[in-house]
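Heads up, the next two complexes both have chain A, just with different partners, chain B and then chain C.
The block that comes next holds the complex of A and B.
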């Protein structure tokens, strides 16, 4: 955890792929260590670009980014990058090894860790993500959801303090999406990770602590997920739709019908807003 | 009947050591002009099933009837050309199949290959574009400069330009933002209502087409585990959930409301507005 208490401090961060087309303009924001932030906004608003800047994959054109109190720049990036893990949209594009075991070990080998440390880490994180029985499997033998678990395991095995999920659930089926969300919630509960989710998924946004809305290259709103899902104008701008439970609650409220007590099937959905 | 399956089985690499059975003894019947949804977990056989609709895959067991064509395992296969025109398949991420430098050229490609004149192909291109809710200003644009949702619509229009009677789409809304997904589902419903097409949608997100689909098929491990109306689907939700199907929130809430207020047997209200009205 950063000594400053901040995982990220961004000051007037600007970025353009081409000088005539700025993508991000003077963004200033802070992300406390241990928090879970959703980055939302319409396609093309710069969410993934911001994620790449946060991950040190792109360098800012203007402004500064501090990661856990250290300025992210050409010199520090190689030292900071191991603190940051990224999970992307397509699980197929992230599979490197010929087996699950090799895939999880790949990043660790790059760190030149002793063999027994690697073996233990692979086992530990495979068990945590419930893929211990798949270690000898080839990627072609896995479902999309299983592959995404492998991707998360390979990132967490490197023990980063910050994990960025770039639309990590958007190619998964409903069941696998629910399972990935459960993993994210578990990660949050450990308090060991600062998490940044780029997502359109209402359940994922609701599970996070805070929603940062990007629009026009800057931070258009910074609010709680509940506030976001009750703001119809902002939802339309972000091209999001509130989850059924919230839409139903709003509809009943509009009609003056009290929400039946205890109504809300299944676990997390029962939490009343 | 637009599509009928009789005890259809399909195995990939049928004659090799790596034989993998993807469909097992599936019976299926879909009437002309129906809007149907096919649901089920990844690997349950949904896409394999869909690829039988225009003979891309042929059954390794049983019989498939599509429109006036019959494909029987082990039998002589009929000519497929006309079937391929009449049954349009839209694969996952269809925008990856766009390749021309203008939308119009992409939309004309299919009709021209099926023998249309250039002027007829252009008329069809314009009509198909209108059907997906885009106007003629898109014809001259480069498809690769469009947004993800627009590219998806153009790719669907390129299938519609063939003027098929049946259109089957494999997860057409995948990876689009929630509002684009809702718009696309509404567009498919219009195609069904206004153009009288038989529309079949393979989907992981049942709630998106629940307001429109009249028939549902649920696949599990290569077998059909359910076929019926929305009301029947709602009645069988707990069994299907126990079998691993992700049941949409609107069905779970309706079933709770039905149990609580004695509404079992009533036509289900599956939108927040309809349920709010009812309570």
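The block that comes next holds the complex of A and C.
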């Protein structure tokens, strides 16, 4: 965890792939260590670009990014990268090893860790992600959800403090999406990770602590997920639909039906429905 | 798709051949190649085939798997046979069509060349059936280490090869999907004449290539985010240890190659 209490501090961050087409314009925000933030917004608003900037995969054109108190730049990126893990959209395109265990071990080999440490780490995180029985499998023998679990295990095995999920659930079916969300919730519970989710998934946004809405290359709104799902204009701008339980809750409220005490929208009371 | 591709897939039966160091297997493969290229007669080839079958049986993998592995390459074997028949003009004339004559020497050398190809495929199958891709890469990296002296990084070379191998089923799968999408829009490759098939393949090549580049870009991002740096020291997940068994394995192939070369010289 960062000494400053901030995982990320962005000051007037700007970025353009081409000088005439800026993608991000003077973004200023802070992400506290140990929190879970969702980055939302319509397609093309620069969410994935911001994720790559946060992951040190792109360099800012203007402004600064501090990661756990250290300025992220060309010199520090190699040192900071082990602190940041990224899970991408397509599970197929991030599977580097020929088998599950080799894929989990790929990042560890780069850290030059002794073999015993790698074997233990691979086993530990494969078990945590419930893929221990798949260690010898080739990616072509796995489902999309299993591949995404492998991707998460590969990142967590490197024991980063920050994990960025760049639309990690968008190519998964409903069941696999639910499984990934459960993993994210478990990660949140440990308190060991700062998590940034770039997502269109309402349940994932709702499970996070905070939603940052990007629009027009800047931060259009910075609010709690509950506030986001109450704001119909923002929802329409982000092309989002509130989860069923929120819509039900709002409809019940609108009709004057009293709700049980503590019956909130954060998903924990889903079973009560 | 991958289920159809038996070649290049490891099958773990726990045999002693599985436990042989991949560097020994790769060395054996090179020696075997020398042996079958050196011999040009049927008795010598039968000895090489018997040698190969002995190793196949030792792997405890049913022989039908080896036949299945060689199956996709039958076109190549037929091609080799036909080329020999068309170009070799020694021996007795067997058949005459216009100005072209089929000679017994052509048929004989065609059969030998196709048989050699079959033997090579079968041995390569022994290698891939009994070695996981990761171990194979590490073995290859070990065998290619001397290339460092001429400025070629064996690790980079084997990483490239392993990624290429890893993505073959993915790209084949994608090609299959694009073919189906084209068929759904009325352009079924199976039903088109050969000329049209050729055109269709070009239009297939563009989306597949674009997709391969996109995948490559995402893969690079994934590798970078996992701290991959070109040329940086890396530890190895699989540890290779050379034992007496590996030495004997290589010795058996040295003997085979030596006998084959001596037979050729004599």
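In the analysis below, the second predicted complex is superposed on the first by the 260 of 273 C-alpha atoms of A that agree within 3 Å, B and C clash if a C-alpha of one lies under 4 Å from a C-alpha of the other, contacts with A are read in each partner's own complex, and residues count from 1 in each chain.
Here is the rule we use: a residue touches a chain if its C-beta (ideal position, glycine included) is under 8 Å from a C-beta of that chain, and two chains touch if they have at least 3 such contacts.
Everything numeric here is computed off the predicted structure, so don't read it as measured data.
Engineer: Identify the partner contact of A:43: answer first if only chain B is touched, second if only chain C is, both if each is, neither if none is.
Structural biologist: First partner only, chain B.
Engineer: Where does A:223 make contact in the superposed view: on chain B (first), on chain C (second), on both, or on neither?
Structural biologist: neither
Engineer: Is A:108 touching the first partner chain B, the second partner chain C, both, or neither of them?
Structural biologist: A:108: touches chain C, not chain B.
Engineer: Just chain B (first), just chain C (second), both, or neither: which does A:239 touch?
Structural biologist: first
Engineer: Determine, under the contact definition given at the top, whether A:176 touches first (chain B), second (chain C), both, or neither.
Structural biologist: first
Engineer: Residues on chain A in contact with chain B in one complex and with chain C in the other?
Structural biologist: Touching chain B and chain C on chain A: no residues.
Engineer: Which stretch or stretches of chain C touch chain A in the complex?
Structural biologist: Against chain A, chain C makes touches at 1-2, 9, 12, 132-134, 137, 162-163, 165-166, 169-170, 173, 214-215, 218-219, 221-229, 232-237, 239.
Engineer: Which chain A residues qualify as touching chain B in the complex?
Structural biologist: 42-44, 89, 143-145, 167, 170-171, 173-176, 178, 200, 202, 236, 239-241, 243-245, 247-248, 250-252, 254-255, 257, 260, 263, 265-266, 269
Engineer: Touching chain C in the complex: which residues of chain A?
Structural biologist: Against chain C, the touching part of chain A is residues 52, 55, 57, 78, 81-82, 84-86, 88, 90, 92-99, 101-102, 105-115, 118-119, 122, 136, 138-141, 151, 154-155, 158.
Engineer: In the complex, go through chain B and note every residue touching chain A.
Structural biologist: Going by the criterion above, the answer is residues 41-43, 147-149, 174-175, 177-180, 182, 204-207, 244, 246, 248-250, 252-253, 256-257, 260, 272-273, 275-277, 279.
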